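Paired with subunit B in one complex and with subunit C in the other, subunit A is shared by the two complexes that follow.
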Partner chain A sequence: MPGKSFFIDTLLCMACKGCQAACKQWHDLPAEKTVNRGTYQNPADLSFVTYKLVRFNETVIDGKLKWLFFPDQCRHCMEPPCEMTADDPRAIFRDPATGAVIYTADNKNIDVHEVIESCPYNIPRTARDGTLAKCDMCNDRVRNGLLPACVKTCPTGAMNFGDREEMLVMARRRLATVKKIHPKAKLLDPDDVRVIYLVTEDPMLYHSFAVASNSAFDISRKVALNKLLRPLNRLTAGL
Partner chain B sequence: MTNHWIDIGNSDCILIMGSNAAENHPISFKYVMKAMENGAKLISVDPRFTKTSSKADIYASLRSGTDIAFLGGMIKYILDNDLYNKECVAAYTNASFIVGKDFSFKDGLFSGYDAKNRKYDKSKWAFEMDKKGCPEMDRSLQHSRCVFRLLKKHYSRYNLDLVSKITGTPKADLLKVYHTYTATCATGKAGTIMYAMGWTQHTVGTQNIRAMAIIQLLLGNMGVAGGGVNALRGESNVQGSTDHCLLWHIWPGYLKTPRASNVSLEAYNKKWTPKSNDPLSANWWQNYPKYSVSLLKSFFGGNANHENDFGYDWLPKVDDGEVYSWLDLFDEMYRGTINGFFAWGQNPACGGANAGKNRKAMANLDWMVNVNIFDNETGSFWRGPGMNPSDIKTEVFMLPCCVSVEKEGSITNSGRWMQWRYQGPKPLGNTRSDGDIIMELGFKLKELYKHEGVSFPEAILNLKWDYMTNGMYDSHKAAREINGYFLKDVTLKGKKYKKGTLVPSFAYLQADGSTSSGNWLYCNSYTEKGNMAARRSREDAVNKIGLYPDFAWCWPVNRRIIYNRVSVDLKGQPWDKEHWVIRWTGEKWIGDVPDGGWPPLKSLEKPNPKSKWAFIMRKHGYAQIFGSGRSDGPFPEHYEPLESPLKNNLMSKQRMNPAAPVYTTDADSVASNSPEFPIVGTTYRVSEHWQTGLMTRPQPWLLELQPQVFVEMSEELAKEKGIKNGERVKVASARGSLECTAIVTKRFKPFKIAGKVVHEVGIPFHFGWRWPESGSEESSNLLTPATGDPNTRIPETKAFMVNVSKL
Partner chain C sequence: MKVTRRKFIQISGAAAAGLATGNLGFDLSPVMAHAQMLKTKYAKETITICPYCAVGCGAIVHTSKKGDGRVINIEGDPDHVINRGSLCSKGAGLSGLVENENRLLEPMYRAPYANVWKQVSWDWAIGEIARRVKKTRDADFTKKNAKGQIVNRTTAIASVGSAAMDNEECWIYQALMRAIGLVYIEHQARI
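Take a look at the complex of A and B:
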């Protein structure tokens, strides 16, 4: 399934948060009551009603101050550990046309915390009643020929969206250009996810979950395997 | 902007100083990043490391209010290292003009200073004239009193050590910036400046921009693609409102507001129409009477004729030597001399400098009309903090108006592009457009002025007031009026024009009452060919530099890059062969609309008599490195802000701009070099809010992103004060105080100024007590002083002194 992908060029991101506001607008999500916590980043974290968040980090590299911006969101993994962990298409499924990983409200048969644990990027959040939520790739828009709201609103071209092949080409081409000036530039987990970030510094400086740990996808496979054994485990626990 | 947004992408070096474009003009960064992809360097100079700095190749910090010192150092660097474009400087600027013997500069003062009135006698700065009445010149730039020599002498004082001591910028950083930016003096290279309120809102605001204009002229960066002097406007239609006379001292199209001494139309036209004796000077303002009479015909229609001076006497005159700016308006209001006030689309209770003074001033009014989309701190000033409603007699009327997208009309962007917008949704509820409100106001005034015994009714009764269709304001009618009509059948340039048809361009306007134009600069925007501003062609011009001449329309006459005659050599061939703006084919100009269609000069010694000097709007035809028309001197000079951390100006004995206005009410306390207020304060914006926040603070999604007013400070200052990141603190100046959340950041660093450590803090100006509901988020303009630039009276809200303390 080739499907769709994002290419997010953090070098072009001005942290205007237009994507954050557009996401709330399209999904009709309520504003959170926030306070200034001594940073431009607000809300503090993703939540059940905040699917997109620009993360801000100040850091000094080789004596030079850097202000790094990272518009964080669900990566819509090619082989989503959350989908495998849930193992219940009524709760979590992938749209075969786009590859969007979609969460539904019908999640009474899944272990929500295990799903959260399974995410290498620390994305899913719950409501008080345990319902899960996260970025849905604006799948309703995309299926109707529109760009995701965040991409549509981005003023500089940091956010891009299209057919996966096209995005991979764009990402690789851009990387080649950027590398000439920023030798540490790289694409984050391009083979594993549909939201491909380009960063110019160590990804950990942007966000501790910017990349999946090396073993994340191996672990998810183990989780999947574990799940095969789950009925047995539950049976055992029940005894 | 002399250039326009898309054109930034053509630049080889972009200096962003006096603005934080990435934060406040994020869309501009599409073009900044495009230029960088093509190898352009980005330089960010700012007191604080900003979003713009985060993308820059070079960042240099400077103390707020020291830009002229920084730029003066660059002028010296250019001259010392022979980095100026000799051909450009000699051919297109007044560098060769000989300045009269009366000019001098000593101890920080130019000649002709009158200390009592804080004014200069500008006649002391006049050029020497030859027998024909043209400026004496020395094209070799050797004469000891030629502008070039005087420039060299003036800026010889701006040496690296002194500049660094004043600005706090490390010398290595100064050199890095100077070296990188001045590399654009190479033929075919272009450097651009993106500035905004960080330069204008100072007691030396105009001279900040003059200093950069001098640099651009020296480097040959004017008129070229990717160059120019580019003001990033702070609101989508600021350019349009200025063009159409938002300010007190200008009429539409930058005509002058008449003074009391301009006793007749003839006297007025004579006073303001410059005269040049040089046949090679286009001296475009010689057409002044055509534009002023056409404007009067537009105001008064058939009621204006030769016999009544086209209604000139009906219009108000300002007293000579008096100033009627925003600062003066509120000063008068505070003194109780103004009874009524329309606050139209404004929020002076938060947006004006020394906002506390403004709030108190409004309590002296009998009435106030607040025209706005929501109630704001201005309309509700009487119930704001520290106010006792029962003590306030001001009657406030709220007229709710609709928002921009609910009406049809045009906006003119920073790049001078007039863009037509269709109406989106219909106005909500009983809100009305500004046009409807002002039309109705006019009708009511006309009705009242019909009563017997009303004094001086002519101005109102004779006013042409016919911009309605079916009882509603019609923006097309207004736009056509602005363009102008032929008022009788005429034959011009061999072509017949019928009465009632639209004038094709300002070259056709007449001083005899046969044409009307509400703004000569916009004559060409709405013609018999249609509404030019509504055009949306995506086809580029032949030179492929992103001019898109058939997309919208831009003044003047759709010229996308002004002063473009400077982009070519004397033979009309572009300096930059790749990104050329105009080019002479031997018969005509191609590319952009040239600054006049005359052929190239050919040579300076024997110029083509059919040609004109390049700067067609200047009396003598040359760009003014020596600017003898400014209120505060012909060369930019560093002065400390009204409030400074220093006792003395290190550059001269003159501490602050000697011509800057000083206001003296009890609300105008000043504390310079005071231990009580030892920290430099500045104000700015964030992406998430807009102006005083009226449109954004009540919007929950935006308030979520930036919920509270904050003060940014260095880790060093926070440590000194024992302030933790995220803690609420008090920020105070000599005029007021407010509570802010501390953002302790590496992005602010203490400055080393003349051997002492000087801290600086910054606060966004978007907040006010009316919203959010808590009422705890106040305006940073409670801190700022009411003083400003002597040329423009733009307030000095970018550099003042404060203290920060724990609550």
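Take a look at the complex of A and C:
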């Protein structure tokens, strides 16, 4: 399943938050009451009604102030730990055409908090009633030949979207160029996720969940292998 | 490996998933078909210009073809030469200008020294504005200046125009203000 992928070039991001607003607009999500916390990062965190958030971080590197922007969202993992934890395609499934990881409102049979804890990027959020929500890759738009709202609106070209192979090529080519000026530049978990970030500094300076812990996808791969070996398990078990 | 709560649950969750995986046995087609429905599928498309800044980005407005004709979605116009489909956060939130529960639908009036706003009718509001403008203008109207030149002006009223007005609205507004005799006409001209 090659599917689709994002390439997010944080070097080009100017933190206009167009993606954040376009996401809310397309999904008809309400605004949140915000307070001045001394940062432009508003609201403070992702939520049930905020799937996309530009994170702002000020940090001093080699005596110079750097203002780092990180447009955070679901990474649509190649082997999503949340999907495996839920183990109920009525609640969490992947669109085979795009690879989008989709949460439905049908969460009766899953442990919502376990699903949240399983996410290596700390993305899913719940409503009061326990329903889960997160970025859906604008799967409706993508399946109808449109770009996701966040990518469509991006004025600088920081947000890119397309066939996975194409995005990987774009990401690697851009990394090679950027590395000449920013030797610390790297792509974040490019083989494991569909949302590939290019950062020029230590990813932890952008966001503590910018990269997955090393173990997260090793486990997923083992589970994926199990899946291949035992495809009829559910049927033979009679559900 | 130090097992944090997050990691621990990952492991146990993944292990449990490993025992009973294989996404077989559920018919997901209705859910997935729903996920593919575009909310703008049956909408009417109209092009417009974002009113917020001087860049003048093009946008497409999707309105409902049935019933009330309300705005469903507004996004960047890919055919527009200036923005090629992109919009900043203000532009991307354009639909909130129209479809907004906090938007006032009737004129509100706060009488002098009152501390509350009350809803009034359009008829009353427009009549009252016209009456007060006329009164102030007539009281101050200057036909000739100190040199005896004909000026026909009032300096008692100033107009601070709207940044969200387009060219045509500005023309009508300007004509009205000039006709009354205003010279202090300010506008945060953008589009």
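Keep in mind that, in the parts below, the second predicted complex is superposed on the first by the 218 of 239 C-alpha atoms of A that agree within 3 Å, B and C clash if a C-alpha of one lies under 4 Å from a C-alpha of the other, contacts with A are read in each partner's own complex, and residues count from 1 in each chain.
As a working rule, contacts are C-beta pairs under 8 Å (C-beta built on N, C-alpha and C of every residue); 3 or more make two chains touch, one makes a residue touch a chain.
Please read these numbers as outputs of a predicted model, since none were measured by experiment.
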(request) Have a look at where A:114 lands relative to subunit B and subunit C in the superposition and call it first, second, both or neither. (result) second
(request) On the superposed three-chain arrangement, identify whether subunit B or subunit C touches more subunit A residues. (result) C
(message) Which partner chains sit in contact with A:58 here, subunit B, subunit C, both or neither? Use first/second/both/neither.
(response) first
(request) Once the structures are superposed on A, label A:66 by its partner contacts, choosing first (subunit B), second (subunit C), both or neither. (result) first
(request) Considering only the touch criterion stated at the top, classify A:36 as touching first (subunit B), second (subunit C), both, or neither. (result) first
(request) Once the structures are superposed on A, label A:155 by its partner contacts, choosing first (subunit B), second (subunit C), both or neither. (result) both
(message) Let me test your reading of the model: by the given contact rule, A:104 touches which partner, first (subunit B), second (subunit C), both or neither?
(response) second
(message) Need the overlap of the two footprints on subunit A, from subunit B and from subunit C, as residue ranges.
(response) 16-18, 20-21, 24-25, 31, 155
(request) Could you please specify the touching residues of subunit B with respect to subunit A in the complex? (result) 22-23, 26-27, 29-30, 33, 37, 49, 51, 53-55, 59, 686-688, 700-708, 710, 724-727, 741-747
(message) If we count contacts the way the header does, which residues on subunit A are in touch with subunit C in the complex?
(response) 16-22, 24-26, 31, 81, 84-85, 87, 89-90, 93, 95, 102, 104, 114-115, 117-118, 120, 136, 139-141, 143-144, 146, 149, 152-155, 213, 215-216, 219-220, 222-223, 226-227, 230-235, 237, 239
(request) State the interface residues of subunit C toward subunit A in the complex, per the touch definition above. (result) 1, 5-7, 9-11, 13-14, 16-26, 28, 31-32, 35-39, 41, 73-76, 78, 83, 85-96
(request) Quick one: which bits of subunit A touch subunit B in the complex? Just the residue numbers, please. (result) 11-12, 14-18, 20-21, 24-25, 30-40, 42-43, 58, 60, 65-69, 155-157, 177
